[in-house]
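In this document, chain identifiers A, B, C and D correspond to the written order of the chains, with residue numbering beginning at 1 in each.
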Amino acid sequence: MTKDDPNNEASSESRPTAKKAKGGIDVVEATDDRLVERLRERFGDAIHSAVIMVGQRVVVVAVDSLAEVLTYLKSGDELKFDLLLDVTAVHRPAETPPFELVYQLCSTSTLERVRIKSGIEDGASAQSVTGIWRTANWLERECFDMFGIVFEGHPDLRRILLPEGWEGHPLRKEYPVEFRENRWVADTLNIHALPDDADFSGKVEI
Amino acid sequence: MSERRSIGSVLSRLLLVDLFKGLAVTLRYNARALVEARDGADPTQAIYTAQYPKERPLVGERWRGAPKLNNDPRTGESLCIACNICALVCPVDVISVGQANREVRDGEKRKKKKVLTTFEFDTSRCMFCGLCQEQCPTLCLELTQEFELAVESRAGLVWDREMLEKGIHVVTYKK
Amino acid sequence: MSGPIALHWAPQAASPPPPPPVVPSWSPVELIESIGVPHGFAEYVVWPAVQLALILFVVLTAVAYLTYLERKVAAFIQARLGPMRVGPVGLLQPLADGLKLLSKEDLVPAGADRFVYLAAPVLAVTAALGLLVLVPFGAAWGTVTDINIGLLFLLAVASIGVLGIVLAGWASNSKYALLGAMRSSAQLVSYEVALGLALVGPLLFARTLSMQEIVESQRFTGLWWVAVQPLAFVVYFIGSLAETNRAPFDLPESESELVAGFHVEYSGFRWSLFFMAEYANIIITSAIAATVFLGGWSMPGLETAVSWIAGTDATTPLYSTAFTLLSIGVFAGKVLVLVYVVMWVRWTLPRYRYDQLMDLGWRWLIPVSLANILISAFAFLVAMRPDQGGLLGLVEVTKNGLWMGWAGTAYFLLVNLATFAMAAWLLAKLNKTAWSTDLHALRRVEALRRAGRLATAEEARAE
Amino acid sequence: MASDTPSAAAHVFEQTEMLLNMGPQHPSTHGVLRVLLKLDGETVVDLDCDIGYLHRGVEKICEHDTYPMITPYFDRLDYVAAVNGDLVYVEAVERLMGVELPRRAEYLRVILAELQRIASHLLWLATHALDIGAATIFLYAFREREEILKIFENFTGARLTAHAFRIGGLQWDANPEFVRDVLAFLDILPGRIDEYETILSENRIWLARTVGIGVLTAADAIDTGLTGPVLRGSGVAYDVRRAAPYSVYPEFDFEIPTGDTGDTYDRYLVRMQELRQSVRIVRQAIEGLPEGSVMAARVPRVIKPPAGEVFHTNESPKGEIGVYLVSDGTNTPYRLRVRPPCFVNLQALKQLAVGHLVADVVALIGTIDIVLGEVDR
């Protein structure tokens, strides 16, 4: 089965035999992973944890050194994670810090992949990586649009999917799923709610 | 800029050979269209058109079209047991099931049973994913092969129990 | 070369040219006069009026049915059926379309220059329909009028049509329409040059500007000018596609970029006027091509066919009528073939870009047509009889037209090859960069150029 | 033109640039994309994409729906390649749950996914050719696509939004005529691709419109995060089917076509080659189609993946589509992120288009091959 093919995620020699927990998924400490060792060597305590989950490498990094780690991953010796696949965030209001930035990296030469995560406080701002990968531009804009996370150094940080002037950031957990911004719609688009006794029959009276 | 040109390539460029190749393809289609049979939607023929609505397409057996509530063919009673699973599983909440506890007589015994009172299906928002039909434990709710769902008013898009049991009337045309 | 050698090469010079072909003399004017209308009035007022009414009716119907034909041709090329619902096999579709267009609202956008906006389509359609007067639809009384500068007049009036397009684009007060109008003015102006120059070649042989006489000259020589001027024909055809805004040159109304170009804001009947002008222009350019290059209404065997129907007496009304009607049929057939080719090309080829279109016009078509004129004129001069100023004596200029025997015909066919070769050489010299037949080399150059530009942009961004 | 007393006329002549609003209703923006162009004459000086007109908040909705209810939403991301959307989602959930699929299910999934890739590429060819003015290719390609849609209709019950896969396998086994229909289609298609190429590949107008237009170097393309045919057109042989194999793709023999200059023509050639490669894969899969069940044996009735997260990617016709799924052990995902290839690829439009003409913008939107359902989600 190729589902957890080690070739694509973490190299096979670096992947210890997983203990399958009952009902859970295999999460193991990435102890002898080449990449993780290198990162730990270089950044020390800034690497909070490194695990291999479902065959995928996940490295949690302190937010302050996030940009440095990513720069190193992109252009550091031998690593060359030149393809930034995704930038997104997860909102966990119960935890501190409540937001988690997630970067999915891939190398087009070695085909290795790694996921870099970093916790970030609400209202704090992260370093933009647009200078490292151009693709981060829109991805960070979307992240800002959906979560309200500010990326410092972004050349053009404004909403991308939602219109300018929209209130709130929809992917935050406190934002309700069924929510109609009637006032915004009425003000901006000049569409007003129908009265309760509105006729939906579609028939035209002459 | 020194590049090699063969006489052949120069001639073919001057004589517009590349354009004529394409023109030959379309001319062949045009000529075939005049002589070949036109059975409709046959990919090997020159003309592919099926003349809907005069030729009614046969949709697949598994087609997910207009919803229908099936009745038990022996008793004529609804197969629905008002379990509400279809409403729960619907991603866009188009189904609302009305239910009531009624006393029913089963031979000598009397017992309480949950029965269906109303059933509303909003086809205007339905995305015909078929999850309701898959989850229905009694094969009552079914998405039929009927695909002409247009009506004249928005209100007509919300189907009540009667419409769902009867099915919609479809006008058929002759060729 | 010297005179005696040329005389030695002149086997045709001795044989006398044949008499001019028969043209029937009777005309319906006599019929009108026979009911008591004075001669001048009948000839210059009543009969032309009847003709114009007929032509307008026939051509406007033809325009309507060209839309039907276009849709059918497109459908058959595209594996579809086309209009099938209105009438048998959709034959009443043009009528239904017309009714629909008439009943639609006539919109004038806010901010439009109202008067110009409303007048532009009228101008376009008038220019197109006004040309019909001069088209030689048939022999004898099949033509409304025949003036001695006919072709020149046609070209002159045809260029008024562009004004309609430009004004429509400007007056709409819409950016898309403006871009379309800009493109079309540039395009029509450049392609008119190539178009006019392409017509000079056959005129060398026809030796007249009158449309009717161009046909007669081909009849007399027994040769269609496309045989001696194929290059000019190709240039004319390409130019006429551009003149009528047809694909692959339909930039002014390119629907994928400019949505509909100059007529994007028009609706209803005014829109249909543009449509009508476009199709009338197709008919007229095809008619000019048929007249100048394809022998107009003449056809080998036409006289024989007429004599089967009406005997050989050319003065009878029956002969005249049969001759005229058959010649109109022949002409219509030729125009239809050309129109079909126009449609066929449209539904096959992609669209050129604006700058490439200009490139094609100025760097390929105009040089080719100039070279063609030069070489043809030289060859013609060489081939003329010594006593008429030439050398070889393969052609003789008579008062009815050009007379050349088999040797002359063969000579001019050979000259075509020479013209082709020389034009190819000229184009190769002129278009060194655009000429390339080696696609990969071309793409590497483009990539390098682009990469160089990008590199400088990167540097600029870094600074 | 600047003078001490600027008149109104002088002001007008000083303006050499024009803003042109293309979309959201425009025939060639392939949906509700709005492109704001700054033009100098007809040359594009600057460009800004305005997206979001089709934003439905799919990611938010998914946080409130149970796992099986989410699959139909993935049909509607890239609605011309619905099966590929389904595939990446169900595979992500299966991967998190550790479900092993029967081989017949994997083979059927590959067949459907590759047929969908053919359908999507045909639609791309159709619209791209139409943008450049070749209207006839549009209908030819639609005719072939229609055959695929008929196969889907008979297999899954819907033509476009197939809802083909369920977590743990497929809802239905192949219909009895499936193999016959697919083989009949595979017999027709290569000849038809030859026809398209006869009309386009050597056509001088087509070449003039595509060669050297929108050149992207390999480094640029990777830097911009492009994936799929757009990246391969620039010469990078990166295909998720090989780079991070999923399903049973390693069992098939196919090539990854790449371009060399990275212009619009190269991207056209790459996609035409991919059509042929997909035909190869489908043929191999049909020939080796195993017997057996199409549903995994132990899939619970209520799907509750264990707490954890997974980032699973597939090669969709547009590029690398990914699902980042965070589960908290309940029956709804805690967070579900779609990595949309169209969204990321569209970003390259500015880079590609600046310096070209308006007509090229249309060709370039076509060559990126976007679907606004996925861009906006």
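The criterion applied here is as follows: a contact is a pair of C-beta atoms (placed from the backbone, for glycine too) under 8 Å apart; a residue touches a chain by one contact, two chains touch by 3 or more.
These numbers come from a predicted model, not from an experiment.
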Q: Average the CA atoms of each chain to get its centre, and name the chain whose centre is farthest from that of chain A.
A: C
Q) Of the chains shown, whose Cα mean is nearest the mean of all protein Cα atoms? A) D
(Q) Between C-D and B-C, which chain pair is linked by the larger number of C-beta contacts? (A) C-D
Q.
Centroid from C-alpha atoms only, then distance chain A to chain B, rounded to Å. What do you get?
A. 38
**Q.** Computed distance of Cα centres, chain C from chain A, in Å
**A.** 63
Q) Hey, how far is the Cα centre of chain C from the one of chain D, in Å? A) 45
Q. Chain B to chain C: how many Å between their CA centres?
A. 50
Q. Taking each residue of chain B in turn, which ones touch at least two of the other chains?
A. 13, 19, 22, 25-26, 48
Q) Can you list the chain C residues in contact with two or more other chains? A) 77-80, 347-349, 445
Q | Multi-partner residues of chain D (at least 2 other chains) | A | 61, 136, 143, 199-200, 203, 205
Q | chain C-touching residues of chain B, taken from the complex the two chains share | A | 1, 3-5, 9-10, 12-14, 19, 22-23, 25-27, 29-30, 33-34, 38, 46-49, 51
Q) Can you name the residues of chain D that touch chain A in the complex? A) 51-52, 55, 57, 59-61, 63-64, 94-96, 98, 100, 222-227, 236, 238, 243-250, 306-311, 313, 320, 322, 324, 326, 334-335, 337, 339, 343-344, 346-347, 376-377
Q. Of all residues in chain C, which touch chain B in the complex?
A. 73, 75-81, 84, 344-345, 347-349, 420, 424, 427-428, 432-433, 436-438, 441, 445
Q: Enumerate the contact residues on chain B facing chain D in the complex.
A: 13, 16, 18-19, 21-22, 24-26, 41, 43-44, 48, 59-64, 89-91, 127-131, 134, 143
Q: Would you pull the chain D residues touching chain B in the complex into a rising list?
A: 61, 65-66, 68-73, 75-76, 136, 143-144, 146-147, 150, 153-158, 161, 163, 171-172, 175, 185, 188, 195, 198-200, 202-205
